[in-house]
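In what comes next, chain A is part of two complexes: it sits with chain B in the first one and with chain C in the second one.
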Partner chain A sequence: MTHFLQELKRELLFSLRQKNVKILLVFGFLISVFSVVTGLMEINKQQATIERLVEYDQADREHVLKKYDEYGNLAYYTRHLTYSPPSELAFSAIGQRDVLPWKHRVRMLALEGQIYETDSDNPELAYVGRIDFAFLISILAPLFVILLLHDVRASERAGGRYDLLLTTSKHPERLWLTRILVGVLSLSVALLTPFIIGSIISGANGLDVLLVLAISVAQLIFWAAICYWVGKIDASAPQLASMLLGLWLATTIVVPVIGAKAIEASIHSPSGGDIVMTQREAVNGAWDKPFEDTFTPFLETHPEWRDYTKMNASFEWKWYYAFQQVGDLTAQPLSEEYRHARLLQNERASLIAWLSPAMLVQRSMTQIAQTDTLSMMAYEQSIRDFHARLRHFYYPFLFKASAFDKKQIEQRPSYSPDKIKNSKETL
Partner chain B sequence: MSISSSNPVISAESLSVVLNNKKILTDLNFNVKSGEVFALLGGNGAGKSTTLKTFLGMITPTSGSAKILNLPVDQHATELRQKIAYLPESVMLYAHLTARENIKYFLSLAGINKRDDEINHALEKVSLQPKAWDERLSQYSKGMRQKTAIALSILRQAPIFFLDEPTSGLDPIAIDEFNQLVSQLASSGATIMMVTHDVYGACQVANHISLLRDGQLVGNFSSPEQGHINTEEVHAAFAARSLA
Partner chain C sequence: MKSSVLMIAMDEWRYWFRSKLVVTMMVVALVLAVASVITTGLSLSHESHERSELQNKAEQAFESQPDRHPHRMVHYGHYVFRTPAPLSTIDPGIDSYTGTSIFLEGHQQNTAMFSEQGKSSGLTRFSQLTPAFVMQIIVPLLLILIGYSMVSRERENGTLTFIIIQGVSLNKLMFGKFIALLMAGFVALLPLIIGSAVAVTQGEALSVVLSFILAHGLYVVIWCALVVFVSTLNTKNSSSFSILVTLWIVLCIVAPRIAASTASSMVASPSKLEADFEVIREAQALGGGHNVSSADLSKLKANLMAQYDVDDEGDLPVNIRGIVASKSEADLTKVLNRFAEKRMSEELSQAQIARQFGWLTPVLSLRTASMMLAGTNLETHHRFLREAEILRYDFVQSLNKVHAEKLSYNDDVNRYKNSDANNKAKVTSKNWEVLESFSFTPDTATARLMKSIEPLMQLFAWILVLLILAYKTRKVM
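Let's turn to the complex of A and B:
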């Protein structure tokens, strides 16, 4: 053990004497610092936005409550803030938080349109990507490993020292392994130290941090092992680098792109825009239809209000909210199909990820950071659950035409992000 | 594994090597005893370096055997390399390290720990100027690099030395110094096998010379009890064989 440590120390000192190694490590460290700092800044920004919105939302609700003394108006004008707070590790893997909405202010109107209206945002923006820590480890770290370790043997061959090293070294094979290990260790320190500091600053869970570290080190070891095996080929350093870069390109870019295309072609999914349109057309069309056309489908899911659907005027809030719900019911098959497709896409992507270490690493990190597709879908589901509770609260007052009682409003449900976890289980 | 003076330290027994369907070495037979200097003399492409690499275990014999201390090299390469100090033709140590750092690094690879004064002594022995000891090798001439590598070989205290064109690129004074050093090593009991095309140098230091041409031994010369192998005789044979 002592001998091994001595060898490790010798190769570490030897490696750090090389200018190109130092430059590469400093560069890696700086990119890691950049990824962590920008990640923390983004998460701080999201947290600040949530805090600001919580404050604004509270004030707005109080304002509406002062202004209206009728359940229908109150339900119509009151917005409810729902949000998915970033996890402590979200700074390291922004994931789907960059693409999917993590905050909505919903009203007690038809919900599906409110959830998916941002789905019509320009999706091209999502391709710009972000250099977060997950991107660094999944995409860039293999390049650092290749740059550092592709020529462990080839540089000695080119330098005319290979035979001398082979004949001088007591354990020639161990020499290459030690050099590879030193490369992995020094890169780990350069790339992971900023992440560890970032995790301490954000107060991340120790076990989650360890998991991310284990995944990162596994990724570095995986590529170092490939460099080790490919490096055994008696070829020049540029030839070896080309082979390794080809492998990186195939597993990091080609496999995910072909995989995404294959998933897209094999799984039909309506778009968020389709859901919004279907729901809006159902809601807008209800104004011109007889009341029965709204209440009949509504009562199928809410038979408890069968005795309260008689209309005494051309407009009543119970009818209005009933056709809002019918709008949701009309869009429900599309919405379910959409969610089912996303789940299926996610499942297939997880299978394809086994062919692409970059995908596998990124997916694992977003899962730990709770910024993956499932987490974002759980947030959407938590909005539906909250909205259902809201309807459940208002419907007795609306259908029974109860006199307004401000005290009752205090019982109105409020959104709690703590329930996102429960919603995840229902996906 | 002790080195007895009676048994050959290095021996080739019907050694043949075929690489890429091309015969490189054919039926080589020679023995080198402890304390002897054996020079394999030949022109470019004669198979000298292949012979050396076969004895270093880097090339496997196609037939016959290459033995060191009576052990087939291809089966005991790692073990036997510990007993060999190898000086490649083009000594390219690490340019970003000093002579001393290079020596320490390579000694450490061999599992040998030497004090600074021992390293200094070896560097003095190869006549490397003390002011150069702590300069990076990027500033060294080929001769200086060669001397550094020789100092490394001495410090390894290996009983066997393999020298590949050791005087190539050295100035005449450095060649003389080197030849003296080889003689000193041999007289201290080291067994030396060198491959070279330097007839004069080989005759100065070797007890035995074999001429290698197209992978075959075509002439053998041994030194008399006193004195050196006759240079003119070897030169004539070498030239004749080369022209043949």
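Let's turn to the complex of A and C:
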């Protein structure tokens, strides 16, 4: 054992003396620092935005409450902020948070007309992409491993020392393994240290951090093992590296792209435009239809209001909100099909990811950081659940035509992001 | 002179054909390029078809609405869809990150919905099988793998001195190798050229397509020159290889993302949701969509009654409610537009900071040039938002005009009394023809060419620097 440690130390000192190794490690370290710092900045920005929005939203709701003294009007004019706060590890994997919405304001109108609004960031910057820690580990780290370890054997061959090393060393295999171990270790230290510091700053759960570290090290070991294996081929260092890069290209770029195309072709999904159009026709058409046309489908899902649908004027709020809900019900099959298609797509993508280590790493990391598609869909579901609670809060007042009582409004449900977890289970 | 350069180039090709690896690389490049042109072309022509169909459907739906109260139609609203430009088959640019449809209605500006990336599986966040991605990211790597040893090999084998003794200057050798690699690059460029030519048949201006091809050609020239240059400076194949691959990682993958992160941290761009609160605060002073503030309202009423010389608002020949709706929409829109413009200019300054990094990495200059020419850039998306807003404002105000002029005040205020009164407070569906048909077209060819000048200059600057460096190497050696 001590002998092995001595060997390890010798190889470590040897590799650190090489200029290109040093440059590569420093470069990797700097990118890691950059990814962690910009990730933390982004998350701070999102948290600050949420704090401000919560405050504005509170003030705005109070303002609306002062202005109206009727349940129907209040429900119409009050918007409710919903949001999905970034997890402590979101800095390491921004994931789908920069293309899918994580904040929405909804009111009690038909939800299908509101929920697809996307308040996203600058599309040109999103297109260029960002370096977060997940990107570093999934896409860049294999390249570093290849640059560092492709010539472990080949450089000795080129230097003419290969045969000498084989005959003089007691355990020739162990020499290569030690070198590869040294490479993986030094790269791990360079790439993972900034992440560990970042996690401490953001106060992430220790278990999650360990999981991310394990995934990262697994990714490095995986590519190191491939380097070791490909390195057995008797070819020049650049030729070996070309093969390794080809492998990287195939698994990181070609497999995901073809996979995405195949998934797209295999799943039929209604177009988003159809959902919103269907909802709109239903809601707006209701104005010109007899009241029964609204109340009959409404009562099917809300039978508790059977005795309260008599209209005393040609406009009553209960009818208005009933046809908003009927609008959602009309679009529901399409909307469910749409969500189902996205779930199916996500499921198949996770299968495809087994063919692409880069995607596997990316998906696991976003899953841990709760920035994956599923988490974003859980947020969407939590909005739906909240909207339902809001409706069920107002319905008794609207259908029973209760006299307005400001105190009752204090019981009004308010959105809480803690419920996103529950919504995830109902997906 | 010419013949010896050509001979060097031919020799290099002969050498490549003997190497399995190089032939594989070339085949891979060609297959990827062809596949990307075909699949992107197919999916986009489908998209384009679908969106113009949806646009027609939306217009028909609006105009075939029954007789109604005009304000109902303000809330019924309208949808606009952006149809893609012909060259977006080659470079979809930011299109897959922006929504492609907007719901237009009274009293508010909505965001674009349903972006491709938003509903995708997330597998294509890093890589896309678009001709643009293949050209920008993959082709340079393949050029490196094919050409890293072009000159360094001659040195490692000791044949370089031999060649120079034969009277071939180093610059000539470099030029010959460069030509050989350039030929390989242009083979990879061929599918893109054919795809762009197809865009001409779909109505794209020839000048735009030629500049588009030029930009990609320059990019290939830059990478070929870079490969030959690094290969010449290095005495060992392996170091030439490592340096080139590191350069590729830095220039193609790392630098653009550093540009994006820098831009977003330099210019703050508050979310639309946040701006909405400020809009609300300002609009509260205005009355908020359905009303005008009481002070404004009495002034408006007094003016109108004086103008028509009547004592009661019911006696006015116009419906005061329509007038109020029109005034409040106009006031609110001014505020909305101010915030929308602010947001767009913030986004644009972010993008412009990121684009300045094109002086540091050719991939960003090519990306900008290509988006500008294809009409898939941020400015075009902003123009789509502006045109949609103009359409929104026009139809809402036309409906408000109908409201003021074709619906009597008394019918209007009594509309909820009973169903007869409700029917009286409607106007005929003929009035829904106020909707202008919407078709979004790319900027004019000249405008796009003008915008591509700066990124093209960045590409030329790279070539210039490489030329000078190549010339200097002769002295260094």
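Note that the second predicted complex is superposed on the first by the 416 of 427 C-alpha atoms of A that agree within 3 Å, B and C clash if a C-alpha of one lies under 4 Å from a C-alpha of the other, contacts with A are read in each partner's own complex, and residues count from 1 in each chain.
Note that a contact is a pair of C-beta atoms (placed from the backbone, for glycine too) under 8 Å apart; a residue touches a chain by one contact, two chains touch by 3 or more.
Remember, predicted model here, so these are calculated numbers, not experimental data.
Peer 1: Regarding the shared-chain residue A:Pro172, is it in contact with chain B (first), chain C (second), both, or neither?
Peer 2: It touches chain B, and chain C stays clear.
Peer 1: Based on the superposed arrangement, let me know which partner A:Ala358 touches: chain B (first), chain C (second), both, or neither?
Peer 2: It touches chain C, and chain B stays clear.
Peer 1: Regarding the shared-chain residue A:Arg161, is it in contact with chain B (first), chain C (second), both, or neither?
Peer 2: Once the two structures are laid over each other on A, A:Arg161 reaches chain B alone.
Peer 1: Looking at the overlay, what does A:Phe14 touch: chain B (first), chain C (second), both, or neither?
Peer 2: First partner only, chain B.
Peer 1: Looking at chain A, which partner touches more of its residues: chain C or chain B?
Peer 2: Counted on chain A, the partner with more touching residues turns out to be C.
Peer 1: Looking at the overlay, does A:Ala331 come into contact with chain B only (first), chain C only (second), both, or neither?
Peer 2: neither
Peer 1: Which positions of chain A touch chain C when the two form their complex?
Peer 2: Within the complex, chain A touches chain C at residues 20, 24, 27, 31, 34, 38, 41-42, 49, 52-53, 56-57, 60, 63, 95-96, 99-100, 103-105, 113, 116-131, 135, 139-140, 143, 147, 151, 154-155, 158, 236-239, 241-243, 245-246, 249, 252-254, 256-261, 263-264, 269, 271-273, 276-277, 280-281, 284, 287-288, 313-315, 342, 345-346, 348-349, 352-353, 358-359, 362-363, 366, 372-373.
Peer 1: If you look only at chain A, which of its residues touch chain B in the complex?
Peer 2: Within the complex, chain A contacts chain B at residues 6, 10, 14, 17-19, 159-161, 163-172, 175.
Peer 1: How about chain B: which of its residues touch chain A in the complex?
Peer 2: Contacts found on chain B: 53, 56, 58, 78, 81-82, 84, 86, 88, 90-94, 96-97, 105-106, 108-111, 149, 152, 156, 162.
Peer 1: List the residues on chain C that touch chain A in their complex, please.
Peer 2: It comes out as residues 21, 24-25, 28, 32, 39, 50, 54, 57-58, 61, 65-66, 68, 72, 75-77, 79, 81, 93-94, 96-99, 101, 103, 110-115, 117-129, 138, 141, 145, 148-149, 237-242, 245-246, 249, 253-254, 256-261, 263-265, 269-274, 276-277, 280, 284, 347, 350-351, 354, 364, 367, 377-378, 381, 415-419, 421-422.
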